[in-house]
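What follows is one structure encoded as C-alpha coordinates, with my remarks underneath.
As written, the chain order gives the labels A, B, C and D, with residue 1 at the start of each chain.
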(Lines give C-alpha, C1' and ligand atoms only; values in the text may rest on other atoms or scores of the structure.)
Protein backbone atom coordinates (compact mmCIF):
# COMPACT_ATOMS: atom_id res chain seq x y z
CA UNK A 1 0.00 0.00 0.00
CA UNK A 2 1.32 3.35 -1.06
CA UNK A 3 0.57 6.78 0.30
CA UNK A 4 -2.86 8.27 -0.35
CA UNK A 5 -3.09 10.93 -3.03
CA UNK A 6 -3.23 14.47 -1.67
CA UNK A 7 -5.09 17.34 -3.28
CA UNK A 8 -4.24 20.94 -2.47
CA UNK A 9 -6.37 24.00 -3.11
CA UNK A 10 -5.50 27.63 -2.53
CA UNK A 11 -8.27 29.65 -0.89
CA UNK A 12 -8.30 33.42 -0.57
CA UNK A 13 -9.87 34.36 2.77
CA UNK A 14 -13.17 36.20 2.25
CA UNK A 15 -14.07 39.24 4.35
CA UNK A 16 -17.46 37.62 5.03
CA UNK A 17 -15.60 34.67 6.58
CA UNK A 18 -14.16 36.80 9.38
CA UNK A 19 -15.97 37.52 12.64
CA UNK A 20 -15.70 40.30 15.19
CA UNK A 21 -12.66 38.60 16.73
CA UNK A 22 -10.89 39.69 13.53
CA UNK A 23 -10.19 36.15 12.33
CA UNK A 24 -11.87 33.48 10.22
CA UNK A 25 -14.88 32.03 12.04
CA UNK A 26 -14.52 28.35 12.94
CA UNK A 27 -17.67 27.33 11.01
CA UNK A 28 -15.85 28.25 7.80
CA UNK A 29 -13.35 25.39 8.06
CA UNK A 30 -15.84 22.65 7.09
CA UNK A 31 -16.65 24.72 3.98
CA UNK A 32 -12.96 24.93 3.09
CA UNK A 33 -12.58 21.19 3.73
CA UNK A 34 -15.39 20.62 1.25
CA UNK A 35 -13.58 22.61 -1.44
CA UNK A 36 -10.47 20.48 -0.92
CA UNK A 37 -12.54 17.29 -0.92
CA UNK A 38 -14.23 18.32 -4.18
CA UNK A 39 -10.79 18.75 -5.74
CA UNK A 40 -9.60 15.42 -4.42
CA UNK A 41 -12.71 13.58 -5.67
CA UNK A 42 -12.08 15.05 -9.11
CA UNK A 43 -8.95 12.85 -9.23
CA UNK A 44 -11.29 9.85 -9.57
CA UNK A 45 -12.27 11.20 -12.96
CA UNK A 46 -15.72 12.18 -11.66
CA UNK A 47 -16.60 15.61 -10.29
CA UNK A 48 -18.66 15.18 -7.14
CA UNK A 49 -21.54 16.81 -9.08
CA UNK A 50 -21.32 13.87 -11.50
CA UNK A 51 -21.35 11.37 -8.64
CA UNK A 52 -24.69 12.86 -7.59
CA UNK A 53 -25.90 12.56 -11.17
CA UNK A 54 -24.96 8.86 -11.07
CA UNK A 55 -27.51 8.59 -8.25
CA UNK A 56 -25.42 8.71 -5.09
CA UNK A 57 -24.67 11.04 -2.19
CA UNK A 58 -21.63 11.04 0.06
CA UNK A 59 -23.49 12.13 3.17
CA UNK A 60 -21.43 13.71 5.98
CA UNK A 61 -21.84 11.77 9.22
CA UNK A 62 -19.09 13.46 11.18
CA UNK A 63 -16.97 16.60 10.96
CA UNK A 64 -14.18 17.73 13.23
CA UNK A 65 -11.64 20.54 13.18
CA UNK A 66 -8.76 21.50 15.43
CA UNK A 67 -7.89 25.16 15.18
CA UNK A 68 -4.26 25.82 15.91
CA UNK A 69 -3.69 29.32 14.62
CA UNK A 70 -6.11 31.90 13.27
CA UNK A 71 -6.51 32.60 9.56
CA UNK A 72 -7.04 36.25 8.65
CA UNK A 73 -8.41 38.35 5.81
CA UNK A 74 -5.63 39.17 3.39
CA UNK A 75 -4.20 35.64 3.51
CA UNK A 76 -4.47 32.94 0.89
CA UNK A 77 -4.39 29.60 2.65
CA UNK A 78 -3.67 26.12 1.32
CA UNK A 79 -6.03 23.28 2.16
CA UNK A 80 -4.87 19.72 1.59
CA UNK A 81 -7.07 16.66 1.61
CA UNK A 82 -6.60 12.91 1.45
CA UNK A 83 -8.52 9.73 2.22
CA UNK A 84 -7.60 8.43 5.66
CA UNK A 85 -9.86 5.41 5.71
CA UNK A 86 -11.77 3.66 2.95
CA UNK A 87 -14.50 1.15 3.64
CA UNK A 88 -17.14 -0.49 1.53
CA UNK A 89 -19.93 1.73 2.85
CA UNK A 90 -18.10 4.93 3.69
CA UNK A 91 -14.83 6.77 4.07
CA UNK A 92 -12.93 9.30 6.11
CA UNK A 93 -11.13 12.31 4.63
CA UNK A 94 -8.43 14.21 6.50
CA UNK A 95 -7.53 17.88 5.98
CA UNK A 96 -4.74 20.28 6.75
CA UNK A 97 -4.92 24.05 6.41
CA UNK A 98 -1.67 25.92 6.23
CA UNK A 99 -0.33 29.37 5.45
CA UNK A 100 3.25 29.91 4.40
CA UNK A 101 4.30 26.59 5.87
CA UNK A 102 2.57 27.09 9.21
CA UNK A 103 -0.30 24.75 10.05
CA UNK A 104 -3.47 26.67 10.93
CA UNK A 105 -5.90 23.79 11.30
CA UNK A 106 -6.40 20.07 10.92
CA UNK A 107 -9.66 18.25 10.46
CA UNK A 108 -11.56 15.26 9.22
CA UNK A 109 -14.95 14.34 7.82
CA UNK A 110 -16.63 10.95 7.70
CA UNK A 111 -19.13 10.05 5.01
CA UNK A 112 -21.48 7.25 4.10
CA UNK A 113 -22.66 6.32 0.64
CA UNK A 114 -26.39 6.87 0.18
CA UNK A 115 -28.52 5.83 -2.77
CA UNK A 116 -30.42 8.93 -3.91
CA UNK A 117 -33.57 7.15 -5.05
CA UNK A 118 -34.00 5.02 -1.93
CA UNK A 119 -32.43 7.47 0.51
CA UNK A 120 -30.76 4.46 2.14
CA UNK A 121 -27.09 3.82 2.95
CA UNK A 122 -25.43 1.61 0.38
CA UNK A 123 -22.07 0.18 -0.70
CA UNK A 124 -19.71 2.28 -2.81
CA UNK A 125 -21.05 2.26 -6.40
CA UNK A 126 -19.17 -0.33 -8.47
CA UNK A 127 -17.98 2.21 -11.02
CA UNK A 128 -16.33 4.29 -8.29
CA UNK A 129 -14.71 1.50 -6.26
CA UNK A 130 -11.48 1.33 -8.21
CA UNK A 131 -11.02 5.12 -8.59
CA UNK A 132 -11.47 5.69 -4.84
CA UNK A 133 -9.15 2.76 -4.01
CA UNK A 134 -6.57 4.45 -6.23
CA UNK A 135 -6.95 7.73 -4.30
CA UNK A 136 -6.51 5.78 -1.10
CA UNK A 137 -3.26 4.37 -2.41
CA UNK A 138 -4.42 0.79 -2.73
CA UNK A 139 -4.77 0.87 -6.51
CA UNK B 1 -57.58 48.19 -1.29
CA UNK B 2 -56.44 47.80 2.29
CA UNK B 3 -52.93 47.75 3.72
CA UNK B 4 -50.80 44.66 3.07
CA UNK B 5 -50.38 42.25 5.95
CA UNK B 6 -47.06 42.58 7.77
CA UNK B 7 -45.18 39.74 9.42
CA UNK B 8 -42.57 40.40 12.07
CA UNK B 9 -39.88 38.01 13.26
CA UNK B 10 -37.38 38.50 16.06
CA UNK B 11 -33.83 37.42 15.19
CA UNK B 12 -31.00 37.07 17.66
CA UNK B 13 -27.76 38.18 15.99
CA UNK B 14 -25.35 35.25 15.60
CA UNK B 15 -21.66 35.66 16.32
CA UNK B 16 -20.94 34.00 12.97
CA UNK B 17 -22.90 36.79 11.29
CA UNK B 18 -20.44 39.46 12.41
CA UNK B 19 -17.30 40.38 10.49
CA UNK B 20 -14.01 41.94 11.48
CA UNK B 21 -15.62 45.38 11.38
CA UNK B 22 -17.45 44.23 14.52
CA UNK B 23 -20.91 44.39 12.97
CA UNK B 24 -23.26 42.12 11.04
CA UNK B 25 -21.95 41.50 7.52
CA UNK B 26 -24.16 42.92 4.77
CA UNK B 27 -24.63 39.53 3.08
CA UNK B 28 -26.59 38.41 6.14
CA UNK B 29 -29.53 40.75 5.46
CA UNK B 30 -30.93 38.73 2.52
CA UNK B 31 -30.92 35.70 4.84
CA UNK B 32 -32.86 37.61 7.49
CA UNK B 33 -35.26 38.87 4.82
CA UNK B 34 -35.90 35.25 3.87
CA UNK B 35 -36.82 34.34 7.44
CA UNK B 36 -39.33 37.20 7.51
CA UNK B 37 -40.67 36.20 4.10
CA UNK B 38 -41.10 32.59 5.25
CA UNK B 39 -43.16 33.84 8.20
CA UNK B 40 -45.26 36.08 5.97
CA UNK B 41 -45.92 33.31 3.45
CA UNK B 42 -47.13 31.11 6.30
CA UNK B 43 -50.08 33.51 6.60
CA UNK B 44 -51.35 32.10 3.31
CA UNK B 45 -51.93 28.83 5.13
CA UNK B 46 -49.03 27.21 3.28
CA UNK B 47 -45.47 27.04 4.60
CA UNK B 48 -43.08 27.87 1.76
CA UNK B 49 -41.81 24.28 2.09
CA UNK B 50 -45.35 23.16 1.19
CA UNK B 51 -45.44 25.50 -1.78
CA UNK B 52 -42.38 23.70 -3.11
CA UNK B 53 -44.11 20.38 -2.49
CA UNK B 54 -47.04 21.65 -4.58
CA UNK B 55 -44.53 21.87 -7.44
CA UNK B 56 -43.54 25.54 -7.51
CA UNK B 57 -40.57 27.74 -6.67
CA UNK B 58 -40.60 31.44 -5.91
CA UNK B 59 -37.25 32.16 -7.54
CA UNK B 60 -35.42 35.33 -6.46
CA UNK B 61 -34.77 37.60 -9.44
CA UNK B 62 -33.63 40.65 -7.51
CA UNK B 63 -32.47 41.52 -4.01
CA UNK B 64 -31.56 44.89 -2.59
CA UNK B 65 -30.72 46.23 0.85
CA UNK B 66 -29.99 49.68 2.21
CA UNK B 67 -27.94 49.58 5.39
CA UNK B 68 -28.63 52.55 7.61
CA UNK B 69 -27.15 51.54 10.95
CA UNK B 70 -25.09 48.52 11.94
CA UNK B 71 -26.55 45.54 13.78
CA UNK B 72 -24.29 44.02 16.42
CA UNK B 73 -23.86 40.75 18.32
CA UNK B 74 -25.86 40.88 21.53
CA UNK B 75 -28.86 42.47 19.81
CA UNK B 76 -32.14 40.84 18.89
CA UNK B 77 -33.51 42.63 15.84
CA UNK B 78 -37.01 42.70 14.40
CA UNK B 79 -37.50 42.04 10.69
CA UNK B 80 -40.83 42.96 9.11
CA UNK B 81 -42.01 41.88 5.70
CA UNK B 82 -44.93 42.63 3.43
CA UNK B 83 -45.87 42.30 -0.23
CA UNK B 84 -45.21 45.53 -2.07
CA UNK B 85 -46.34 44.44 -5.52
CA UNK B 86 -48.31 41.43 -6.65
CA UNK B 87 -48.51 40.38 -10.27
CA UNK B 88 -49.74 37.28 -12.04
CA UNK B 89 -46.23 35.94 -12.64
CA UNK B 90 -44.30 37.32 -9.70
CA UNK B 91 -44.20 39.61 -6.72
CA UNK B 92 -42.07 42.01 -4.72
CA UNK B 93 -41.58 41.79 -0.96
CA UNK B 94 -40.33 44.71 1.13
CA UNK B 95 -38.46 44.44 4.43
CA UNK B 96 -37.53 46.59 7.38
CA UNK B 97 -35.01 45.67 10.06
CA UNK B 98 -35.20 47.56 13.31
CA UNK B 99 -33.80 47.43 16.82
CA UNK B 100 -35.56 49.13 19.69
CA UNK B 101 -37.48 51.37 17.34
CA UNK B 102 -34.48 52.42 15.27
CA UNK B 103 -34.41 51.35 11.63
CA UNK B 104 -31.21 49.47 10.78
CA UNK B 105 -31.99 48.45 7.22
CA UNK B 106 -34.59 48.38 4.49
CA UNK B 107 -34.73 46.03 1.57
CA UNK B 108 -36.72 44.27 -1.10
CA UNK B 109 -36.71 41.06 -3.09
CA UNK B 110 -38.42 40.28 -6.37
CA UNK B 111 -39.53 36.79 -7.29
CA UNK B 112 -41.00 34.93 -10.20
CA UNK B 113 -43.12 31.80 -10.05
CA UNK B 114 -41.41 28.80 -11.60
CA UNK B 115 -42.90 25.40 -12.28
CA UNK B 116 -40.57 22.84 -10.72
CA UNK B 117 -41.11 20.10 -13.27
CA UNK B 118 -40.64 22.27 -16.37
CA UNK B 119 -38.20 24.73 -14.79
CA UNK B 120 -40.10 27.47 -16.63
CA UNK B 121 -41.65 30.69 -15.33
CA UNK B 122 -45.40 30.39 -14.82
CA UNK B 123 -48.44 32.18 -13.42
CA UNK B 124 -49.19 32.05 -9.72
CA UNK B 125 -50.67 28.60 -8.97
CA UNK B 126 -54.48 28.84 -8.80
CA UNK B 127 -54.65 27.51 -5.28
CA UNK B 128 -52.34 30.29 -4.04
CA UNK B 129 -53.84 33.23 -5.93
CA UNK B 130 -56.46 34.15 -3.36
CA UNK B 131 -54.23 33.66 -0.29
CA UNK B 132 -51.49 35.89 -1.75
CA UNK B 133 -54.06 38.50 -2.82
CA UNK B 134 -55.25 38.52 0.78
CA UNK B 135 -51.67 39.12 2.03
CA UNK B 136 -51.41 41.96 -0.44
CA UNK B 137 -54.53 43.51 0.98
CA UNK B 138 -56.69 42.95 -2.08
CA UNK B 139 -58.65 40.05 -0.63
CA UNK C 1 -21.13 17.68 42.17
CA UNK C 2 -24.51 18.23 40.60
CA UNK C 3 -25.55 18.06 36.97
CA UNK C 4 -24.40 20.88 34.67
CA UNK C 5 -27.00 23.47 33.74
CA UNK C 6 -28.49 22.97 30.26
CA UNK C 7 -29.66 25.75 27.99
CA UNK C 8 -32.09 25.09 25.17
CA UNK C 9 -32.78 27.30 22.18
CA UNK C 10 -35.32 26.81 19.42
CA UNK C 11 -34.00 27.48 15.93
CA UNK C 12 -36.12 27.78 12.81
CA UNK C 13 -34.23 26.25 9.88
CA UNK C 14 -33.33 28.89 7.30
CA UNK C 15 -33.70 28.22 3.58
CA UNK C 16 -30.16 29.53 3.11
CA UNK C 17 -28.96 26.78 5.47
CA UNK C 18 -30.06 24.01 3.13
CA UNK C 19 -27.91 22.64 0.32
CA UNK C 20 -28.72 20.86 -2.92
CA UNK C 21 -29.09 17.59 -1.05
CA UNK C 22 -32.28 19.17 0.32
CA UNK C 23 -31.11 19.19 3.95
CA UNK C 24 -29.24 21.51 6.30
CA UNK C 25 -25.56 21.71 5.33
CA UNK C 26 -23.19 20.29 7.95
CA UNK C 27 -21.25 23.56 8.32
CA UNK C 28 -24.39 25.10 9.83
CA UNK C 29 -24.23 22.99 13.00
CA UNK C 30 -21.28 24.89 14.56
CA UNK C 31 -23.31 28.09 14.03
CA UNK C 32 -26.30 26.58 15.82
CA UNK C 33 -24.02 25.33 18.60
CA UNK C 34 -22.82 28.90 19.03
CA UNK C 35 -26.36 30.19 19.47
CA UNK C 36 -26.95 27.59 22.20
CA UNK C 37 -23.61 28.42 23.83
CA UNK C 38 -24.48 32.13 23.82
CA UNK C 39 -27.71 31.33 25.63
CA UNK C 40 -25.92 29.12 28.15
CA UNK C 41 -23.25 31.73 28.85
CA UNK C 42 -25.99 34.25 29.55
CA UNK C 43 -26.81 32.16 32.64
CA UNK C 44 -23.56 33.40 34.16
CA UNK C 45 -25.12 36.87 34.25
CA UNK C 46 -22.84 38.06 31.44
CA UNK C 47 -23.76 37.99 27.76
CA UNK C 48 -20.78 36.71 25.78
CA UNK C 49 -20.66 40.19 24.18
CA UNK C 50 -20.02 41.56 27.70
CA UNK C 51 -17.29 39.00 28.32
CA UNK C 52 -15.51 40.39 25.28
CA UNK C 53 -15.99 43.90 26.65
CA UNK C 54 -14.34 42.74 29.89
CA UNK C 55 -11.27 42.06 27.74
CA UNK C 56 -11.44 38.32 27.06
CA UNK C 57 -12.15 35.93 24.23
CA UNK C 58 -13.26 32.32 24.47
CA UNK C 59 -11.36 31.15 21.39
CA UNK C 60 -12.54 27.92 19.72
CA UNK C 61 -9.72 25.38 19.59
CA UNK C 62 -11.79 22.40 18.49
CA UNK C 63 -15.21 21.72 17.04
CA UNK C 64 -16.84 18.40 16.26
CA UNK C 65 -20.29 17.28 15.16
CA UNK C 66 -21.87 13.90 14.57
CA UNK C 67 -24.79 14.07 12.18
CA UNK C 68 -27.34 11.38 12.85
CA UNK C 69 -30.40 12.52 10.95
CA UNK C 70 -30.89 15.41 8.53
CA UNK C 71 -32.60 18.64 9.53
CA UNK C 72 -34.84 20.17 6.87
CA UNK C 73 -36.37 23.52 5.97
CA UNK C 74 -39.77 23.84 7.61
CA UNK C 75 -38.53 22.40 10.91
CA UNK C 76 -37.80 24.25 14.12
CA UNK C 77 -35.09 22.35 15.95
CA UNK C 78 -34.03 22.49 19.59
CA UNK C 79 -30.36 22.87 20.44
CA UNK C 80 -29.21 22.13 23.98
CA UNK C 81 -25.85 23.03 25.43
CA UNK C 82 -23.97 22.36 28.65
CA UNK C 83 -20.42 22.48 29.96
CA UNK C 84 -18.82 19.07 29.77
CA UNK C 85 -15.42 19.98 31.18
CA UNK C 86 -14.24 23.05 33.01
CA UNK C 87 -10.57 23.83 33.53
CA UNK C 88 -8.66 26.87 34.68
CA UNK C 89 -7.58 27.83 31.16
CA UNK C 90 -10.41 26.51 29.03
CA UNK C 91 -13.57 24.49 28.79
CA UNK C 92 -15.54 22.06 26.67
CA UNK C 93 -19.19 22.54 25.75
CA UNK C 94 -21.41 19.69 24.53
CA UNK C 95 -24.46 20.05 22.28
CA UNK C 96 -27.49 18.08 21.21
CA UNK C 97 -29.79 18.98 18.34
CA UNK C 98 -33.22 17.39 18.32
CA UNK C 99 -36.52 17.67 16.54
CA UNK C 100 -39.71 16.39 18.10
CA UNK C 101 -37.79 14.15 20.45
CA UNK C 102 -35.53 12.66 17.79
CA UNK C 103 -31.82 13.43 18.04
CA UNK C 104 -30.47 14.92 14.81
CA UNK C 105 -26.92 15.72 15.88
CA UNK C 106 -24.49 15.80 18.76
CA UNK C 107 -21.39 17.91 19.03
CA UNK C 108 -18.80 19.61 21.15
CA UNK C 109 -16.53 22.64 21.09
CA UNK C 110 -13.38 23.31 23.08
CA UNK C 111 -12.27 26.79 24.00
CA UNK C 112 -9.37 28.55 25.62
CA UNK C 113 -9.45 31.84 27.44
CA UNK C 114 -7.46 34.55 25.67
CA UNK C 115 -6.63 38.00 26.95
CA UNK C 116 -7.70 40.46 24.26
CA UNK C 117 -4.98 43.02 24.85
CA UNK C 118 -2.07 40.56 24.90
CA UNK C 119 -3.60 38.03 22.51
CA UNK C 120 -2.22 35.34 24.82
CA UNK C 121 -3.97 32.40 26.48
CA UNK C 122 -4.82 33.08 30.12
CA UNK C 123 -6.68 31.70 33.12
CA UNK C 124 -10.42 32.20 33.44
CA UNK C 125 -11.00 35.82 34.55
CA UNK C 126 -11.59 35.95 38.31
CA UNK C 127 -14.97 37.58 37.99
CA UNK C 128 -16.21 34.71 35.79
CA UNK C 129 -14.78 31.78 37.73
CA UNK C 130 -17.66 31.31 40.13
CA UNK C 131 -20.45 31.85 37.52
CA UNK C 132 -18.91 29.27 35.17
CA UNK C 133 -18.36 26.81 38.04
CA UNK C 134 -22.06 27.19 38.81
CA UNK C 135 -22.97 26.37 35.20
CA UNK C 136 -20.76 23.32 35.43
CA UNK C 137 -22.61 22.19 38.50
CA UNK C 138 -19.77 22.70 40.93
CA UNK C 139 -21.14 25.88 42.46
CA UNK D 1 -12.02 60.29 -19.06
CA UNK D 2 -11.13 56.71 -19.90
CA UNK D 3 -12.89 53.49 -19.04
CA UNK D 4 -12.74 52.28 -15.43
CA UNK D 5 -10.35 49.44 -14.70
CA UNK D 6 -12.03 46.04 -14.42
CA UNK D 7 -10.90 43.23 -12.16
CA UNK D 8 -11.95 39.65 -12.81
CA UNK D 9 -11.81 36.75 -10.36
CA UNK D 10 -12.64 33.11 -11.00
CA UNK D 11 -14.73 31.51 -8.26
CA UNK D 12 -15.40 27.80 -7.94
CA UNK D 13 -18.95 27.29 -6.69
CA UNK D 14 -18.96 25.73 -3.21
CA UNK D 15 -21.41 22.97 -2.32
CA UNK D 16 -22.28 24.93 0.84
CA UNK D 17 -23.34 27.82 -1.41
CA UNK D 18 -26.18 25.81 -2.97
CA UNK D 19 -29.65 25.54 -1.48
CA UNK D 20 -32.41 22.97 -1.81
CA UNK D 21 -33.45 24.50 -5.12
CA UNK D 22 -30.20 23.00 -6.43
CA UNK D 23 -28.62 26.34 -7.28
CA UNK D 24 -26.45 28.97 -5.60
CA UNK D 25 -28.44 30.84 -2.94
CA UNK D 26 -28.95 34.54 -3.71
CA UNK D 27 -27.27 35.68 -0.46
CA UNK D 28 -23.99 34.32 -1.83
CA UNK D 29 -23.72 36.95 -4.56
CA UNK D 30 -22.77 39.82 -2.22
CA UNK D 31 -19.96 37.58 -0.91
CA UNK D 32 -18.72 36.95 -4.45
CA UNK D 33 -18.98 40.68 -5.20
CA UNK D 34 -16.75 41.31 -2.20
CA UNK D 35 -14.08 38.95 -3.52
CA UNK D 36 -14.10 40.81 -6.84
CA UNK D 37 -14.01 44.17 -5.04
CA UNK D 38 -11.04 43.03 -2.93
CA UNK D 39 -9.19 42.15 -6.13
CA UNK D 40 -10.07 45.47 -7.74
CA UNK D 41 -8.97 47.46 -4.67
CA UNK D 42 -5.63 45.67 -4.80
CA UNK D 43 -4.98 47.55 -8.05
CA UNK D 44 -4.62 50.71 -5.95
CA UNK D 45 -1.48 49.18 -4.48
CA UNK D 46 -3.22 48.63 -1.14
CA UNK D 47 -4.97 45.44 -0.12
CA UNK D 48 -8.28 46.31 1.54
CA UNK D 49 -6.81 44.79 4.73
CA UNK D 50 -4.12 47.48 4.52
CA UNK D 51 -6.72 50.20 4.04
CA UNK D 52 -8.25 49.12 7.35
CA UNK D 53 -4.79 49.23 8.92
CA UNK D 54 -4.45 52.82 7.68
CA UNK D 55 -7.47 53.56 9.87
CA UNK D 56 -10.41 53.52 7.46
CA UNK D 57 -13.40 51.38 6.60
CA UNK D 58 -15.32 51.29 3.33
CA UNK D 59 -18.70 50.63 4.92
CA UNK D 60 -21.41 49.11 2.70
CA UNK D 61 -24.48 51.36 2.59
CA UNK D 62 -26.30 49.57 -0.21
CA UNK D 63 -26.15 46.26 -2.03
CA UNK D 64 -28.23 45.05 -4.95
CA UNK D 65 -28.18 42.04 -7.23
CA UNK D 66 -30.20 41.01 -10.25
CA UNK D 67 -30.18 37.27 -10.78
CA UNK D 68 -30.60 36.34 -14.40
CA UNK D 69 -29.59 32.70 -14.54
CA UNK D 70 -28.74 30.25 -11.78
CA UNK D 71 -25.18 29.28 -10.91
CA UNK D 72 -24.66 25.64 -10.01
CA UNK D 73 -22.18 23.45 -8.14
CA UNK D 74 -19.56 22.18 -10.56
CA UNK D 75 -19.23 25.56 -12.27
CA UNK D 76 -16.40 28.05 -11.95
CA UNK D 77 -17.84 31.50 -12.50
CA UNK D 78 -16.13 34.78 -13.35
CA UNK D 79 -16.94 37.88 -11.34
CA UNK D 80 -15.92 41.26 -12.72
CA UNK D 81 -15.89 44.50 -10.78
CA UNK D 82 -15.32 48.16 -11.56
CA UNK D 83 -16.00 51.55 -10.00
CA UNK D 84 -19.18 53.03 -11.39
CA UNK D 85 -19.19 56.27 -9.43
CA UNK D 86 -16.50 57.93 -7.37
CA UNK D 87 -17.22 60.76 -4.94
CA UNK D 88 -15.25 62.45 -2.22
CA UNK D 89 -17.05 60.60 0.57
CA UNK D 90 -18.00 57.33 -1.07
CA UNK D 91 -18.20 55.23 -4.19
CA UNK D 92 -20.27 52.72 -6.10
CA UNK D 93 -18.89 49.45 -7.46
CA UNK D 94 -20.64 47.46 -10.20
CA UNK D 95 -20.36 43.71 -10.73
CA UNK D 96 -21.07 41.12 -13.38
CA UNK D 97 -21.10 37.36 -12.84
CA UNK D 98 -20.76 35.19 -15.90
CA UNK D 99 -20.17 31.58 -16.84
CA UNK D 100 -18.81 30.63 -20.22
CA UNK D 101 -19.84 33.94 -21.72
CA UNK D 102 -23.37 33.88 -20.32
CA UNK D 103 -24.29 36.54 -17.76
CA UNK D 104 -25.66 35.01 -14.56
CA UNK D 105 -26.01 38.12 -12.44
CA UNK D 106 -25.34 41.83 -12.21
CA UNK D 107 -25.05 43.88 -9.08
CA UNK D 108 -23.75 46.93 -7.29
CA UNK D 109 -22.64 48.04 -3.86
CA UNK D 110 -22.36 51.55 -2.46
CA UNK D 111 -19.89 52.46 0.24
CA UNK D 112 -18.97 55.37 2.43
CA UNK D 113 -15.57 56.11 3.90
CA UNK D 114 -15.54 55.86 7.69
CA UNK D 115 -12.75 56.85 10.04
CA UNK D 116 -12.10 53.86 12.30
CA UNK D 117 -11.14 55.80 15.40
CA UNK D 118 -14.07 58.23 15.32
CA UNK D 119 -16.56 55.85 13.71
CA UNK D 120 -17.71 58.83 11.62
CA UNK D 121 -18.08 59.19 7.84
CA UNK D 122 -15.16 61.02 6.29
CA UNK D 123 -13.61 62.03 2.97
CA UNK D 124 -11.47 59.57 1.04
CA UNK D 125 -8.06 59.41 2.75
CA UNK D 126 -5.57 61.63 0.89
CA UNK D 127 -3.16 58.80 0.23
CA UNK D 128 -5.89 56.82 -1.55
CA UNK D 129 -7.46 59.61 -3.60
CA UNK D 130 -5.18 59.31 -6.60
CA UNK D 131 -5.11 55.46 -6.71
CA UNK D 132 -8.93 55.27 -6.64
CA UNK D 133 -9.23 58.03 -9.26
CA UNK D 134 -6.93 55.93 -11.43
CA UNK D 135 -9.20 52.88 -11.00
CA UNK D 136 -12.14 55.04 -11.97
CA UNK D 137 -10.36 56.03 -15.14
CA UNK D 138 -9.83 59.66 -14.23
CA UNK D 139 -6.12 59.29 -13.49
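Everything below uses one rule, namely that a contact is a pair of C-beta atoms (placed from the backbone, for glycine too) under 8 Å apart; a residue touches a chain by one contact, two chains touch by 3 or more.
Worth saying up front: this structure is predicted, and the values here are computed from it rather than measured.
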item: Interface with more contacting C-beta pairs, comparing B-C to B-D; value: B-D
item: Of all other chains, the one whose Cα centre sits farthest from chain C; value: D
item: Mean-CA-position distance for chain D and chain C (Å); value: 34
item: Whole-Å gap separating chain B and chain C, where each centre is the average of the chain's CA atoms; value: 29
item: CA centroid of chain B to CA centroid of chain D, Å; value: 24
item: Set of chain D residues in contact with two or more other chains; value: 15-16, 20-21, 27, 30-31, 34, 73
item: Parts of chain B lying in touch with chain C, wherever the complex brings them together; value: 12, 14-16, 30-31, 34-35, 38, 47-50, 72-74
item: Contact set on chain A toward chain C in their complex; value: 20-21, 26-31, 34, 52, 57, 59-68, 109
item: Partner chain D, residues of chain C touching it in the complex; value: 15-16, 18-23, 25, 27, 73
